[in-house]
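There are two complexes below, and they share chain A, which is joined by chain B in the first and by chain C in the second.
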Partner chain A sequence: MAPPQATNLTATTPLSPAELSYLRTSLLLSPPIRPDARSPTTFRPLTAELDILPSTHGSSRIVWPDGGECIVGIKAEVEKAVVDGQNKRVEVSVEVAGQRDDDPLAVFLTQSVLDTIAPRLGERLNIGERWNWKVYIDILLLTPPISHPSTLLSLGVNLALRCTKLPLLISAAEEDPLFSDDWDLAKPLYPSNTPSEVPAISLLVASVGENVFFDPTREEMSVADCVLVVSVDYDGKVIALRTLESGSVGEGGVNRKVVARIVSQCAEVGREVFEGLEAIAKAG
Partner chain B sequence: MPFAITAPSLPPSLASYAALTSDNFDEDGDVSMTTETKRTAGAVSIVTPGETVTTDPQWMRGHGTYLDENDGIVATVAGQVMKVNKLLSVKALRSRYQPEIGDLVVGRIVEVQTKRWKVDIASHQTAVLLLSSINLPGGILRKRTSTDELQIRTFFSEGDLLVAEVQSLFQDGSASLHTRSLKYGKLRNGYLCRVSSRGIQRSRSQVLTLQGAFGAGEIDVVLGVNGMVWISQKPIPVIKEGQTGSVTRLEEEASEAIYSDKNDFIGEATRREIARVGGCVKALVRHNLRVDEEMLNVAYEAACEEEGELEGEAGRRVVEKALGRRMGV
Partner chain C sequence: MALADRRRINGPLTGTTPPLFTSTPESPISLKSARDIRPVFIKTSLTPPAHGSAYLEIHTSTLKLSASVYGPRPLPPSAPFSPHARVTAEVKFAPFSTPGIRRGYVRDNFERDLSSQLQIALCRAINTAKYPKSGVDVFVTIIDTGSNAREVNEFEILTAAINVSSVAVCDAGVEMVDLVSAGFVGRDAQGDIVCDPENVMEKMCLVSYMAARDEITMVWTKGEMEGEEVVKMTDVAAETAGRTRGVVSEAVKERVWSLQLGGKPDVKMSG
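This part shows the complex of A and B:
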């Protein structure tokens, strides 16, 4: 497995030994007791709204109850197609409010969004034979998040892409592209009748002993044996798995069986998350 | 529901809760105060940064404002305009905790220096805790020696949580703390819950004990005025056989364990209830209520009827029930 990614987690003041031991013992119990009384697979309730930025092709805002907030805007541009250029059709920029742009967290998040969605999104961006769309995904993370923002960010990107609309092409495939002026005719990038093609999402998972926790808070991450970011698509297929830095309370290291369980649970939980996203995307 | 995602809604206000529970009141004019009229009647003037408060030269500018040549007194923060005689100031709607002498606060050590600690109390500046303002183990009154200075980390080190009182304030508004009472000192056996400092009511006693439901033991709650709430198992005093339970003996025993980092045994039921109390505090603050002893008691009572976590809809139900019970009394 690749070495753990550095995040700005370690920069903050550590928890006291008594707190760490309390948390770890609570999370090791069976059934575990999370500090906010959630069940292991429960996410914190999220609030989201779509299409908030009028000058973008698609946008979303997604908020955690503790104040972490993510705004995503998507702009598309027409460019001349190049051979094998599919992976360069998506550009992602992440700005973490109050941090430098070469902050390891921002770099990590940019790369993880790109890895998760770019390959399959690139295929959808053809315009006729010689042209294609280039998509710019700009992400702003407001308020330094209390927990690792990768889940929030990936859900935000997913929602923004779902409500992205591109102008209707009215020219023939071999001509230079010409688009309809009527925005009402614009075609959605992900039509709602093909739900299984939506972009993949990343879920943050932590394991403490034999227990697996979804959407862990910073405290839970600091006592975890391992923290993984698992990207799953609509069919429950795992398309990426990254290791994040965790605390150093336990002996560290993680059992093969636990990783297998994380992966299988991600498919199940991922399905529920996709259903939730679909509901909010339909509602507006 | 494992995953919930909703569209944004307006934050619930106290007035709407009161309207919900207004059936409990008798029919003399009190009820009308709690409905829509109340929200508009006490109209407070809210200004935003950059907004001119007044151009009248008779006013003096106070905190949260600046004097502009053309525009007169301009607000620098979003908040409420306060007038004291001819002094005009703007009190921010949201701000960090501002320490006052005598406040009970919960803090976390961020830095250890030679004779003092720097403590994060969620204020603008870190607070200071002097080596001379803590209780040393093994005797309450003793002179601080250089040995104590050398082993300063055995008392508190980085990351440790403590409960303390604000002893004095410096010129810049930062606080100096003290823990010279058996009530104060290092915290263990529990969990820290952080909320906004305006969610905690300053009251006569900031420390309260709840009787845990479902077979849990007693739970101590320290409501730090700075918005840090410590929820822990109430320590069970151990009196060894053959010893007289004299007061001084107890004090000595306490002072030996005072800087321990080890937790006592905490049962599963108690842990579950500690999580529930934390959920109550967060739910109350999220609904713009202030937490004090009475409020937390009724909220905890209501929360015992709910299953699982108190975020989202369940938290709302708990807060509504708690308010209803409190007003019904």
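This part shows the complex of A and C:
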């Protein structure tokens, strides 16, 4: 039996054991010192563009300073409603440039995006009584990621969904749907006057000792005790929580208190991120 | 009489009442109390060619899993240098494991997802620094997913997979910092936490836990929850995992005893 393929997340960092140890020690300090002098809750600056693809219903492009770049395109189709089909109304596909499509990273990202947004998005996609929208979210990661792209993707999807518009329904609820062909009348999927209903986002959090770091780089992840992906909504509710592989430096897991601290910090940091996204969406 | 319609089967003249069936419950009614966990049976060394193996069953469910561990073995020469052991895990459903439709043999995304989670849960428990340039490969086969549930309960399967592979890794003689055991809880419609639920619930939480060190290696939650709710569920799940730990330890101990007494592994099925 051939050994299973190693995930690309297990790929070691270019740092030597001595450098890793130095990094870990500086992150263990109180207050911790991160290599790029960020505070534990600061995110790296990002560049975002909205509505860049004319042939989609909504799209976004988002770039990290380390070169991570992702493009999200959203397309919608009308389909006949089926009973209990709410969870099947959203389809996500993630393509990581230069990697096979059964790569564990792509599988994880697809599942993570779906878990984060699908339950609530499904409810918004009704058309009348017998029809509903089916939304395809296609994500392209243009550069092989240097740091874990989970946050990047979720912010990109959030922005793309915010600028998604669906044609205006002009038929009655019980009829077969008929839409207005005036694109200017199209209705936004997430109206801008209800900021608290926006789709949830995933935050990447790493813990080293007692310290908790948001948006860790690959080097920080490789010395962390535990890396969690926490999906939070605008109200600070946790939608999903998953563990990611952390580096192989050191053994053992994390204390329950650290998990509790991560969860409690996510609500407030999440709120700040949502405010940032709001500003981006307003600036268009 | 000759005019009577004999080509059709006519209904009775008096009319009938339509049969009325009591509605079947959505999911089978659980007989166990909310705090109980179902008894677990684990037996080690049932796959002779593997370096270590274990088999797990859960009482009242037909869930059956077997895990085999190959390693520590050298990485292929083409693999890059690694100062730590490379732990890989693979979860595979047998084609006949699910009730109803046969499961395809090609690995799907669900299996890949479970595999990577299993790998994360085990990786931090293995003393990887002891085995440079080697690999530890864990293969879990789900022989039966437990047919009393209508949908496959991914939390139940992953919990069992973590427990069985923890024993199998230990059986292979790979050094670990502590045995891992996993437990999962759900929150029912009344808002009560149910340990080891038999049915799929909207809010669930799985924790893989090292009881002797009081450390968590993996958390996985599903469903919309407040922050405190997540913390509470993680705590109860860790406690549930702590209770399964007894079975995991016992399976390992049994193996050590049989080695000491008989000098060779006892592969007879008992219990």
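In the analysis below, the second predicted complex is superposed on the first by the 273 of 284 C-alpha atoms of A that agree within 3 Å, B and C clash if a C-alpha of one lies under 4 Å from a C-alpha of the other, contacts with A are read in each partner's own complex, and residues count from 1 in each chain.
As a working rule, a contact is a pair of C-beta atoms (placed from the backbone, for glycine too) under 8 Å apart; a residue touches a chain by one contact, two chains touch by 3 or more.
Computed from a prediction, not measured in an experiment: that's the story for all the values here.
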Overlay on chain A: chain C relative to chain B, clash or fit: fit
Contacts of A:P17 with chain B and chain C, given as first, second, both or neither: both
Touched partner set for A:V269, first chain B, second chain C, both or neither: first
Chain B versus chain C as contact partner of A:P104, first or second or both or neither: second
C-alpha centroid angle, chain C to chain B via chain A, nearest 10°: 110
Touched partner set for A:R44, first chain B, second chain C, both or neither: first
Partner chain(s) touched by A:I280 [first = chain B, second = chain C, both, neither]: first
First, second, both or neither for A:I74, with chain B first and chain C second: neither
First (chain B), second (chain C), both or neither touched by A:S26: first
Minimum C-alpha separation between chain B and chain C after superposing on chain A, in Å: 5
Touching both chain C and chain B, counted on chain A across the two superposed complexes: 17
Chain C residues touching chain A - in the complex, by the definition given at the top: 70, 76, 79-80, 82-84, 86, 88-90, 107, 109, 112-113, 115-117, 119-121, 123-129, 135, 137, 139, 177-178, 209-210, 213-227, 229-231, 234-235, 238
Touch list for chain A against partner chain B, complex: 13-19, 21-23, 25-26, 29, 33-39, 41-49, 62-63, 65, 155, 214, 269, 272-273, 275-277, 279-280, 283-284
Chain C-touching residues of chain A, taken from the complex the two chains share: 1, 3-7, 10, 12, 17, 102, 104, 107-108, 110-111, 115, 119, 226, 228, 233, 236-246, 248, 251-256, 259-260, 263-264, 266-267
Footprint of chain A on chain B - complex, ascending: 1-8, 108-110, 120, 158-161, 186-193, 261-263, 266, 268, 271-272, 275-276, 278-279, 282, 286, 308-312
